[in-house]
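One chain, subunit A, links the two complexes that follow: it is found with subunit B in the first and with subunit C in the second.
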Partner chain A sequence: MKPRRRKNVASYVALIPAFIIVVFAYLGTMLWTVQISFTDSKLLPSMNFIGIRQYERLFATSRWIISLENMVIFGIGLILVCLVLGFLMAAALDQKIRFENTFRTIFLYPYAMSFIVTGLAWQWILNPTLGVQQYVRNLGWTNFQFDWIVQNDRAIYVVIIAGVWQASGLVMALMLSGLRGIDQELWKAAQIDGIPAWRVYLNIVVPMMRPTIITSVVLLSLAVVRVYDLVIALTGGGPGISSEVPAKFILDYLFGRSNIGLATAASSVLLVIVLVIITPWLYYEYFRPERAKGGK
Partner chain B sequence: MKRVTRVLLGAVAMVGLVVGVAQADPQKAEVFHWWTSGGEAAAVQEFAKAFNAAGGEWVDTAIGGSGSTARPIGINRIIGGDPPAAMQFNTGKQIDELVAQGLIRNLDDIAEKEGWKAALPPAFYEAVTRDGHVIAVPVNNHGQNWVWYNKAVLEKAGIAEPTTWDEFFAAGDKLKAAGIIPVAVGGQPWQLNLMLNAILLSEGGKDLYLKVYKDLDPEAVKSPEFKKVAEIFGKLRDYSDPGNPNRDWNVATGMVISGKAGFQFMGDWAKGEFVLANQVAGKDFGCILGPGQKNFIMGGDVFIFPKLKDEAGTKAQDLLATVMMSKDAQVAFNAKKGSVPVRLDVDNSALDACAKIGVEVLQDPDKQIPAADILASADVVQSLTDVVAEYWANPSMTADAFIEKWNTAVDQAK
Partner chain C sequence: MLQATSRATAANAVEPSGPRPRSVTAGRVGLYVFLAFAALFFLLPMYVMIVTSLKTMGEIRIGNIFSLPTEATIEPWIQAWNSACTGLNCGGIKVGFWNSVRILIPSVILSIFIGALTGYALSLWRVRGANLLFAVLLLGAFLPYQVFIYPLVRIYSTIGIYGTMTGIVVTHIIFGLPLMTLLFRNYYASLPIELFKAARVDGGGFFQIFFRLMLPMSTPIVIVACILQVTGIWNDFLFGVIFAGRENLPMTVQLNNIVNSTQGEKLYNVNMAATILTALVPLVVYFISGRWFVRGIAAGAVKG
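So, the complex of A and B:
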C-alpha cells in the first residue's frame, strides 16, 4: 500500500504544471471573460461594473437574434444531413466494393480543405451572375433560377449545403470504422433468419453504433458553434445580415467595433450553449465504463 | 594588479563599444502599419525613403490583412509596455481610450514648430487634437463620397453627367433600357454605408449629416429630409443587379471599367483600379462629388506615437513626425496611395483630374466634412452598418422601419 501511495504523490506532483495551466489558462480566461461581460469595457478592459446591461443590449440587437436562429437552423440541418449522408456513404462503402480506397479518399477530401476555400468555391458556383444559374441560362433555359445565396431567407441553407459537402466525409469515416467494428457473425445470423438488409441496418446496426453517432454529433455540434470562416467566405453574413452567425458577431464586436463588453457577453452566452452540448456527452462518457463492467 | 588592469581595460573597451554604437546609430524608429497591398506598400515606402534620407532608420512592421487584424496586435504591444515608435490608426475615435490612459505622446511642440494648424483642414486638426493637445499625425485624406462612372457608356446612352438625383435616376433608366446595370453595388455592409453617407450628404446636406452623426440626434433621423435620403437609398436597389450581395468593391469597380455597369459609389481608392486598367481620369472615367450638393467626406489614417522610455527613441519619433508631415513626403506618399495630401498648402499640379476636383472643393472649409468614424465611435458607426445592410437586403422593409432601427441602434451603442 505504502509504495503505491508514494507513486501517487509523485504523479500528482508531475501533474501540477498541467493543473496550473488548466486552472489559469482555461478556467482563468473563461472566468475573466465572464467577468468582463458585466463591465462597460470598450477598446480596453475596464472594471467598471454595470450589471447585465450588455446582456440586455445583446438580446435587443436583431443581429444577435438572427445569429442565434441561424446557428440553430445551420446546426439542425448540418447534423441531420451529415449523419444521414455519412451513414449512407459508409454503408455503401461497407459492401466490399471495388476501389473502396479511391471512394473513401474522394468522400473525405473536402474535409481536408479549409473552410475559406470551400466557401469561396461555393460562392462562385452559387453566384447568380457567375455560377450555375447563369450557366444553365446560357444553355437555353432562360427562366432557370437558383439564387438562394442572394435571397434573404434562403442564404443560410446555402451555408448548410457547403457545410454538408465539407463535413459529411468525416462522418462517413467515423461511421465506416463503426460498421467495421460490427461482428460479421451477426450478418450471417441475419441472413439465415432471412431478414432484409435494410432492417438489419435500422434495427440492429444503428443502435449498436450509438457511440459513433454520439461522437459525430458532438464533433459536428462544436463545428456548428464555431462556424465563422465558412460564412465569411461564402456570404459575408449577407444578404444584409441574414446569414450572420454568433462567432462572427463576437469577432466583429471584439476587434472592428472595439466593444469588448458586448463581445464577451456574447461569448459567455455561447459558452453556456457549448456547456449544454458537452455536458450530456461527458455524462455519457463517465457512465459508459461502468455499464461495460456491469455487462461482463 | 595585472588582473585589475585587464578588467578595467575590458570595461573601457565595452563602454567605448556602447558609446561608439550609440553615436553611429541612426535614429531608429519601428513603424507599425497594415499597408501591405501593392499600391499601399509602394506608398509607405515613400515615407521610409524620406525618413532614411533625413537621418533616420525606418524599421518596418507591416501586419497583413486589415486594420481589425493588426490593430489589436499593436494595442496589445502598447498596453504590454513594448510599443512601436509609431502606429497607424484610422482617423477618428479609435485612439480615444489610449489617449485617456496616457499611453500616447503629445506632439504639441512639433505641431507648433511646423505650423500644422494652419496647414491642415480644421476638421482634421480637430480630429488629431484631444483636450487641446495634438496627439497624432494625419497622413492622408481619402474622399469617401465619390461617384465613378464610365464615360464611354454614358456618352453612348446619351447621358450627361448628372447634377441632381432626378437626373441621376433618369440616367439610370436610360442605362437600364440600354441593357446596362445602372449602378454597380457591392452589397457588403461597409460599402452600403458609404453609399448611404454619400446620399445623406448630397441630398440632406451638411447640417443634416452633422446632426445625424455628430450630435446623434434622433429627431434629425426622424425628419422628412432623412426619410427622403432613406427612400433614395432604397430606390437604388432597383438600379443594381441581383449579384450584388457580398460583392467586393474592386469587383464592382471592374464592372464599371468593363462597361457592364454605369456608376459606382466608392471612395477614391477605387481610382487605383481604373489606373491599373490603363484608364485616365477625366478621359475614360469620370468622377462626381455628389450628385447634388458638392462636399468632400474626409477620412484617412493617422500615426500615433506611444510614450517611449528612452530618449533616443523619442528623438526618432520627433524626426518621423516632422518627415511625415513635410510637404515633399506628403505629395509623394499620397500620389501613390490615391488620396490627397492632408496639407492644403502643397503643390497639387501633379494630381489627376479627379483629385483636382477634390482639392478644389476642399479649399472651402465649409465643404470639408469629417467621415462618420471621426464624428462617432466605432461601435455606433458599425452598428449602423448592420441596420443599413439589413434595409438594403430586404426590399419589403419600409423607410420608417429603417429609421426606427437606426435610432434604436444609436441608442444602444452610444
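So, the complex of A and C:
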C-alpha cells in the first residue's frame, strides 16, 4: 500500500490559524508579560529594566499576600470537599439505586451555569439581613448567626461553599465513570471473602481510582488558580480586601490601578504555579510512551 | 457533614421489614437519605432563586427566604427583561441577552470549524512539528488567562479590534482552540484509518477529504463541541468584560452590573429573575443534551 500518510502542502495551510494563535496569542503574549514584569512599567509598558524589583514589591504588598493565602484556603477547601462529596455521591449512585438519572442530573446542573449566576445566588441566600440567618431567626432562634459573607475572616469560606455547589457535580461525574470501569468480579470476590463494602472502597477502590482522582485534583486546581468571576459576583473581594484572589488582584492592577509592572509580575507568579501543577500531569496524560499506558 | 447525617439517620431507621437482613435495609435507607440531602443542597439555591423572583419586594423584606410567595407575581421577570438598570441605562437584561447571542453564534461556529480543521491535520496527516504545536496548544488551555490578557489588549488596539465584536469573537476562538482541537484530534484518530486510506487512493486531496468525508462523519463530536462551546462562551465573564467593549457586553457582565450596582434600592426579586434568565440558555442545553453533556465534560473537562 503506497499512499500512507503523506506530507502535503495543504495540511500546513490548514494549520496556519493554529500556528498564528500558538505563536502570537500564547507564546508571544506570555513572553511579553514576563518581560514587562522586569521593567518599571506603570500605565504603559516601558523598556526600563529594573530586575526583580516588581517581584519584591509584589511580595511586600499585603493585598497580594492575602490573595495568595485565600487561594490556598480556597484551594484546599474546594478540592477536599469536592473530592469527598463527589466520591460519596458517585459511590451512592453506583449502588443500583432508583432514579439514578434524576439524582445525577440534579447533582450536575450547577456545573452548567456561570460562576456569576452561582455567586449571585449564594450572595442572596447568605444575605445577612434577608437570607438564611433571618429565616432561622424568624423561626424563633433569635440569636442564630450565619453572616460569614460579611465577616473578614469567614468570607473566603463562603466562596468555598459556592464553589463546591458548582463543581462537586463534575467530580461526581468523573468518579462515577471511574467506578463504572471497575471490574464487577471485585465485588463478588469481596463478598465471598466477607469483606465489608466500605473496606473494599477504602482499601481497593480508592487506590484503583488514582488516575480519576489525579485528574479531578488537577482540574480543580486549575479552577482554583483561575477563580475570578465567582469572587466578583459573590463578595466582590470583600469585605474590604478579605476575600481577594490573585486573578482579581491582577486584573485590578492592570485596568483599575494601571500598574502593569506589578500586575504582570503577579501573572508570572501564577504562571509558575500552574506550570508546577500541570507539567508532570500533561506529560503523564498525553505524552506518556505507549507501552506505559497499558499498565494502569 | 452530610455523611454524618446520613449515618445517624440510618442508625435510627431500624425497622426490619421483610426477610432481608437488618443491616442491609438500614444501609439502603441511609443511602437514599444521603442522596436526598445531597439533592436538597443542590436544589435549594435554585428553589430560592425561583420563589424570590416571584415575590413582591414587600414580601421579601419580611425575610422568609424559603417560603413560597403568598401572591405570585411575574412583574419582576418583565422588569428584569425589559427595564432593569445598570447605572443610567435601563434597557433590561435583554440587551445583554442579544449581545450574548451575537457573540455566541460566530464564536461557536468559527471555533469549532478551526478546531476540526486543526484536529484533522494533526491526527491524519504527517506534519512536521505536530507534537510540539499540540503541546503548546494544550499548555494554552491550562495557563491562567491573566498571563495573556495585557499583551492581547495591546495587540488588539494596534490592529483596531479592541472593544469590538470582532475582538471578543477572536478571543473566544483563541481560547477555545485547544479544547476543540483536542476533541477533534482524538475523534479522527479513533476512526478506522482504512476510510482515510481509501479516500487517498481515490485521489482525494486534503480539503476534499475534510469537507466530503470527515466533516459529514463528525456529527457526534460536533454535538459535543457545540455543547461545550455554547455553555462555555455563554457563561464567560472575564473575556466579555475586557474585550467586548461597552456596546457588546455579554449577559453575564450585564447581570453582574445590574445586581452588584450600588445605586438605589436593591430589587432582589428583579435580580433573581435576571439571574435565572442568564442561566437559562446553558440550563436548556444541559437538560436537552443529557448524557451528551456528561460525555462532553469527560472529554473536555480541561476547560475548568
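The rule is short, and it goes like this: the second predicted complex is superposed on the first by the 259 of 296 C-alpha atoms of A that agree within 3 Å, B and C clash if a C-alpha of one lies under 4 Å from a C-alpha of the other, contacts with A are read in each partner's own complex, and residues count from 1 in each chain.
Definition applied: a residue touches a chain if its C-beta (ideal position, glycine included) is under 8 Å from a C-beta of that chain, and two chains touch if they have at least 3 such contacts.
Since this is a predicted model, take the numbers as computed values, not measurements.
A.B. asks: Quick check on the superposition: with subunit A as the shared anchor, is it clash or fit for subunit B versus subunit C?
C.D. replies: Aligned on subunit A, subunit C clashes with subunit B.
A.B. asks: In the overlaid three-chain picture, which partner chain does A:Leu130 touch, first (subunit B) or second (subunit C), both, or neither?
C.D. replies: In the superposed model, A:Leu130 contacts both subunit B and subunit C.
A.B. asks: May I ask you to name which of subunit B and subunit C touches more residues of subunit A?
C.D. replies: C
A.B. asks: Between subunit B (first) and subunit C (second), which, if any, makes contact with A:Leu108: first, second, both or neither?
C.D. replies: The second partner, subunit C, only.
A.B. asks: In the overlaid three-chain picture, which partner chain does A:Asn259 touch, first (subunit B) or second (subunit C), both, or neither?
C.D. replies: first
A.B. asks: Just checking: does A:Val150 make contact with subunit B only, subunit C only, both, or neither of them? Give me first, second, both or neither.
C.D. replies: Only subunit B is touched by A:Val150; subunit C is not.
A.B. asks: Which partner does A:Val205 contact after superposing on A: first (subunit B), second (subunit C), both, neither?
C.D. replies: Neither: A:Val205 stays clear of subunit B and subunit C.
A.B. asks: Which holds for A:Lys42: it touches subunit B only (first), subunit C only (second), both, or neither?
C.D. replies: Once the two structures are laid over each other on A, A:Lys42 reaches subunit B alone.
A.B. asks: So, A:Arg226: does it touch subunit B (first), subunit C (second), both, or neither?
C.D. replies: In the superposition, A:Arg226 contacts subunit C only.
A.B. asks: Considering only the touch criterion stated at the top, classify A:Gly169 as touching first (subunit B), second (subunit C), both, or neither.
C.D. replies: Only subunit C is touched by A:Gly169; subunit B is not.
A.B. asks: A:Pro239 in the overlay: touching subunit B, subunit C, both, or neither? Say first, second, both or neither.
C.D. replies: Only subunit B is touched by A:Pro239; subunit C is not.
A.B. asks: State which residues of subunit A lie in both footprints, the one left by subunit B and the one left by subunit C.
C.D. replies: Shared contact residues on subunit A: 123, 127, 129-130, 236, 254-255.
A.B. asks: Hey, which residues of subunit B end up touching subunit A in the complex?
C.D. replies: 68-69, 71-72, 75, 79, 94, 96-98, 101, 187-189, 241-246, 377-379, 382-383, 386, 389-394, 405, 408-409, 412-413
A.B. asks: Which bits of subunit A are touching subunit B when the two form their complex?
C.D. replies: So the residues of subunit A in touch with subunit B come to 42-44, 57, 60-63, 123, 127-130, 147, 149-150, 152, 155, 235-242, 252-259, 262.
A.B. asks: How about subunit C: which of its residues touch subunit A in the complex?
C.D. replies: 2-3, 31-32, 34-35, 38-39, 41-46, 48-49, 52, 60-66, 114, 117-118, 120-122, 124-128, 131, 133-140, 142-152, 154-155, 173-174, 177, 181, 197, 200-201, 205-207, 210, 231, 234-238, 242, 252, 255-256, 259-260, 268, 271-272, 275, 278-279, 282-283, 285-287, 290, 293-294, 297-298, 301-302, 304
A.B. asks: Please output the residues of subunit A touching subunit C within their complex, sorted ascending.
C.D. replies: Spelled out, the residues of subunit A in touch with subunit C are 1, 3-8, 10-15, 17-19, 21-22, 24-30, 32-33, 36, 45, 84-85, 88-89, 92-93, 95, 97, 103-118, 120-125, 127, 129-132, 134-135, 137-138, 165, 169-170, 173-174, 177, 215, 219-220, 222-223, 225-226, 228-229, 232-233, 236, 246-247, 250-251, 254-255, 260, 263-264, 266-268, 270-271, 274-275, 278, 282, 286-287.
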